[in-house]
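There are two complexes below, and they share chain A, which is joined by chain B in the first and by chain C in the second.
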Partner chain A sequence: MADSEGRGQSKQTGSINHAADEGDGKLHEIARVKDEGKDLTKEEKQRLRKEKKQQKKGKKDDKGPTEKGTDKEKKVPPSTASQPVTQSPAQKAQSAVPVVASVPVSESTTPTDKPTKSKAELKAERRARQEAERASKQAKKEPGSQPASSKSKAPPNELQPAVKRLPEHIQVDDPAVVRKLAKKLERQQIPLRSDYGYKVSLFSHLHQYSRKAPLTQQISIPATVIHPSIVRLGLQYSQGIVAGSNARSVALLHAFKQVIQDYSTPPNEELPRDLVNKLKPYISFLNQCRPLSASMGNAIKYIKKEISNIPSQCKEEEAKKKLLLCIDNYVNEKITLAAKAISKCAIDKISDGDVILVYGCSSLVNHILCEAFEKQRKFRVIVVDSRPRLEGREALRRLVKRGIRCTYVLISAVSYILPEVSKVFLGAHALLANGYVMSRVGTSQIALVAKAYNVPVLVCCETYKFCERVQTDSFVSNELDDPDDLIVTREGKTQLADWQSVKSLGLLNLVYDVTPPDFVDLVITELGMIPCTSVPVVLRVKNVDQ
Partner chain B sequence: MDEGELVEYFRTQMSQDPDVASAVAAIRSLLEFLKRDQSETILGLRENLTKAIGRLQEADSSVAVSSGGELFLRFISLTSLENPDLSQCRNVMIERGELFLKKISLSRGKVAKLCHTFIKDGAKILTHSSSRVVLKVLESAAADKKRFTVYVTESQPDSAGKLMADKLRRLNIPVTVVLDAAVGYIMEKVDLVIVGAEGVVESGGIINKIGTYQMAVCSKAHNKPFYVVAESFKFVRLYPLNQQDVPHRFKVSSFKCASCLLIPPPIS
Partner chain C sequence: MPGADKETDLGERIEAFLAELKRGGRGSGETARSTAALLRRITAQARWSSAGDLMEIIRKEGRRMTAAQPSETTVGNMVRRVLKIIREEYARSRGSSEEADQQESLHKLLTSGGSSEENFRQHFAPLKANVIEAINELLTELEGTTDNIAMQALEHIHSNEVIMTIGRSRTVEAFLKDAARKRKFHVIVAECAPFCQGHEMATSLSEDGIETTVIPDAAIFAVMSRVNKVIIGTQTVLANGGLRAVNGTHTLALAAKHHSTPLIVCAPMFKLSPQVPGQNSLTCVNAHCPVFDYVPPELITLFISNIGGNAPSYIYRLMSELYHPEDHEL
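Up next, the complex of A and B:
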């Protein structure tokens, strides 16, 4: 029910712009529909919903251009229109579990596009809408109390343990969703990045961007809405200069530190609320540059919670210092110290004479191997690499510099080399709530072949990467990288140079895949060694702590 | 009480009551040690206890002693935070220790009560070597007037299976001793497999007498249910990835089967 309540809220806030008679008209319509017959066919329900939407859109478009005209000052004085609407995503973000790559699409009307709905849900929706109309009439009289009431509704929502708000999936092939996203970005004054190239049909619901068209080309200089360190960070993400789960999170937190240092509360504003609102367009911008990872999502959730927990009577300087300290503690605890704890556990599992296989470049796994080498364990490493990223070369460089004996193979040779291997160490991008491991594409393949050869597979992952999402396949939520990366030039000849002109050809450059828990023998976290199926227990304990 | 006395006490406990689990005997000895301990500070007390546990593990290297000792330490050490005064703390510890001991002495009975419902009338059961928990389970099933037959593996090198067969015959349960190599042959005849455990590890697996793993793989191949009965104090903080990863001291036989001390046990 919290779901429909949330929807009702945003409808309530959205409908502030509507005239009172609009609300009346809707009530009449609803009553008429109820009288006409209890059982509406699916098509009728859909038609009804579409009509309502059109009406709403008509009214909003009329008001849209006039709103933009008044919003010239980039200081974003909290107009009643923008603030409550940004409140509802705030509510949802606060009561939402960690969001990955779908933060901008947390708009409420997405579920209404589904054609089949239970009667109870529809009734609840109608009831919510009626209450929304009633509240909007009240709000017309007292616009100031509106945001307060919507904010006070947020904590009760969070206290409801029964219904958890899960992030909606990215749906790029659904035009309504795309339009909602575009509108949201327009409001936040962030340019929308357009997709590039032909997408393979199975993955047409995901974004596919080109590296040659970074988002930063479309924003004006100087960027007044977005802080320059965020712009730089976005560029680093989209060009792949900062890559890897830990690196991205740490870079994000450092950029946020800069933002907080340069921040000054505008008059008549409270630091907690205003700062959170300031961060929203930055997060949308970063999401446009490159979809957020699970670790980044968790970090952002933590920061938002810390900011909103600042007592309102706290002075600005103090508050800023406190926030900077919080961020430093987070990085220290969850990343640096966690890595130390994990390597202590993991070194027990490395015995003399071991042959360890690693895939790609995981900062944590490299750290573990270097520590083990310093503790005088005798082992050698096989680094497996794959195109187009060829991250294994970086891992190879780091390990060889320390003096560890390494072998380098491509992933196509993994079944040839596995009989020699005694253990496989893998890093993870995120650990999902059903025990699946989300990692660089190719990881599940290695785990599968290792299982076939009865070689134990160990996944090393800090707890801040644990995510409450559930996924059983790599299709539903993934990231598509630039397809031009797959084009290779050998001896001056580029075979796929004009792949776009061939109608039946699609290039697919996947970034992540999920590994089922049956292929993973052990997960090493800073809390200890746990089986893959214990991830929901850890998540539960973390939630209780917070 | 010094360490020699402790080990003596432990050994007498084990020989007096052959039916007692080695972990229970270990905990009883540790409790006695705690009562007679002369240390002045809580930290000293804890250090002495840890040393005592280490000494006991040297005397009897079975998994159960190790897990029992760790559990005992954890069960009583939480009191040290509540009572800063040493004598009060010691009394509370002893009280808790007695309570813990009482609980775990009853655990075998509880396991038997829970398990005997899995044995249906007319069942054919396969078990491995001699386990007192399995014996208790079969005893309570027989007392419930169920009719079943048991196949026991001989379980070399100490032929513990023959001892088990004797005990079962005394309970008037029809029993057959089979060779260790005959597990694959007999698997199609049996309805279920019940074994005990020396230790239960964190990944959910068990450490047991050699030959249990073969039996488990065979029963999986034949889709027969494989049950393990173990008391909760046997849960140990280990996560072995494969056979090689189990610490060596858990693989050698414990001292209780005195006859086989002369024969080195098979280590894989």
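Up next, the complex of A and C:
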């Protein structure tokens, strides 16, 4: 991995002493702070950042850390090594290196412990530019380094080692990570939600919360740290009132609009940086209420990027207006208009006399069916539902209200009714970069049985749900819902009433599962109809656009 | 008159049995035993002089019983077993050699018209006693089926396995509990909505200290990749080696096939039925909540029954040993 190669190279550099000299003053200070067991406070970090910038301007041959180091920050803050210019500029392109002696120095060079991607990218570009300039000046002395420096100027492309920070919510079994999270939440003054019930051993790395203990019980009213619309949103998420990928993203963006409207820049602060920092505890809070979905993650990334891109000379009112407009555009483009485009494509695929099978309640699929019905297509729908969420009932209600003929079955009857089905339409929660479709649990089962009966499976998904993660099974990254949902009471009797008292009994309430791409025949997006395996192509095109 | 009393008494018992069948709710093992006991009583108390008469009586009662509860196929199976017993005892009494009856099955198929010459009209005094004794043997066999199956558990379950099952089957429960006495393994139970019999199964297994997890039906495919074996019970084993099993079993079988996980069916021999899929015994199914699924034989790896393990391709042979071809239609 990048770590080991970097480590090897840093040994060659022998730059430790060189770097240590410059950072001596900082080193002592940081060592002191570390001894006290506190992380650097914000002011200290800013001060250090400013000092470092001045140093860079002053000394040409004092090199900052390689730019890619900031991207790779993990919870345990690794450090970026300082490497002198005399070493090969090719090392500039290497990723960060944890070096023993220069840990404190390097920590000073990373302004925040937890850089967000967008900020990191901007910093990376700035640093790359600085280094390129420096290198070109060096290159006038050393012609050999010229080509290498241009390599370092190249934007982070596909071949960059994709070492991303591992999300905390799939590392629950690692006590160090849990402690880190607790400390972070304490700093942000957000309560930590505790796990509930016996967790099946295969899933001990995931959180399992109880719906009866929402996070909002632990915060004071009125909440001073968290904006009230965020509190309300968090409660809606954790109780399942707002559910579904699109609904959650739209609700999130609306809540953020409220936050931005009520925001006012404190003195001596810049709006871009401060607003992003304000949003961080909110995001942590929402994450505690319910793990963020892929679509929400993409929306947050977009907002943060937009905020950071606000030019610093922009006035506050103007900036806020611009941001609100950006958010509206995002919702409009990525969700509303995308739904229209997808409907248009999908309606071509629906012919008269079709029997269409849908699973659960996907807002997009419901929209498509309603549009098709309005365009006078003759078809009937079979709604498949599953315990314990029983979301199909909501879909059934919406479709029947429009007048569409529907049948309702549970998922165990799928192999019974599938012979009469002509097409299967499925919604998606996210599309992963290896072509797998992440969706509500049970989707892969329906796709499997449909494949066995040779019924075409069409997945409808907007491009903003495309995600760079890869996953091959439903275990490593998933969500565990409240296990008490599985308890069913029939005629006042229930079998599992005191399942907690039985030591060897566990209830597993998964939320998502992944469908392999060979079960899916077509993915309908607003960019057109693509096969499942084209998802990384779309992602790449999107990244280049941005 | 004592004879008449016996007959009315017999008639009452048959009526009571039919009523209980219609009510349902009994396990198939119990049904099989009570059917065999009732048939023994009919043999003992009904009035008949030759084997043919007895077979007629039993066939008539058998038709009534299967009509009362078409989905409970063990009743019909027991009737066919008893009919075969009667044929065998008759043949033995007549003195015809047993070898002649047990010709090569291919030869039997080609010369199947031969047995119609038999009309079972001869009267043999010891026939009654012999038939009753044979039915007693059948009853003993029925009582031991669950234990016989459970005894084979250690041959099929190794330690630290993850086993998946669906719904509630007493046979599978006994099977797993027997294995759990010596081995540690993990069981995942799919709850099988809407009746959720899986919950009962899970509680029962976990009380014996087996690590159990309950999952909703929708998660079957999601967790299948970590499952080592799928062990299920069934309502009926069909003549082609397929199954009629509880709703959701077909999906389970497809998921197991996709992950190349062996699917093992624990079913005692009295569940073997000469029906083939597609017969109208699905009369209890309504359009929205089918009670049973058909699982084709190519998705099944192994049948474990009280006489040992068999591949689905061998079921037809077992069928010919249990039932006579003429009794396939009651």
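One rule holds for everything that comes next: the second predicted complex is superposed on the first by the 377 of 546 C-alpha atoms of A that agree within 3 Å, B and C clash if a C-alpha of one lies under 4 Å from a C-alpha of the other, contacts with A are read in each partner's own complex, and residues count from 1 in each chain.
Just so it is clear, a residue touches a chain if its C-beta (ideal position, glycine included) is under 8 Å from a C-beta of that chain, and two chains touch if they have at least 3 such contacts.
Treat the numbers as computed from the prediction; the structure is a model and nothing was measured.
> Go through the superposed model and pick first if A:445 touches only chain B, second if only chain C, both, or neither.
Second partner only.
> First (chain B), second (chain C), both or neither: which does A:241 touch?
neither
> For A:506 in the superposed arrangement: first (chain B), second (chain C), both or neither?
After superposition on chain A, A:506 lies in contact with chain C alone.
> Is A:522 touching anything from chain B or chain C once the two structures are fitted on A? First, second, both or neither.
After superposition on chain A, A:522 lies in contact with chain B alone.
> Which partner reaches more residues of chain A, chain B or chain C?
Counting contacted residues of chain A, the larger count belongs to C.
> Looking at A:496 after the superposition, I want to know if it touches chain B, chain C, both of them or none. Which is it: first, second, both, neither?
In the superposition, A:496 touches chain C alone.
> I'd like to know which partner A:456 touches here: chain B for first, chain C for second, both or neither.
Touch partner of A:456: chain B, not chain C.
> For the complex, give me every residue of chain B touching chain A.
Going through chain B, the ones touching chain A are 202-204, 239, 241-242, 245.
> Across the complex, what residues on chain A touch chain C?
200-202, 386-388, 407-416, 440-442, 444-445, 448-449, 452, 473-475, 486, 488, 490, 494-496, 499, 502-510, 513-514
> List the residues on chain C that touch chain A in their complex, please.
Interface residues on the chain C side: 186, 188, 191-194, 196, 199-200, 202-203, 206-207, 209-223, 225-226, 247-248, 250-251, 254-255, 258, 285, 287-290, 293.
> Quick one: which bits of chain A touch chain B in the complex? Just the residue numbers, please.
Touching chain B from chain A are residues 349, 423, 454, 456, 458, 521-522, 529-531.
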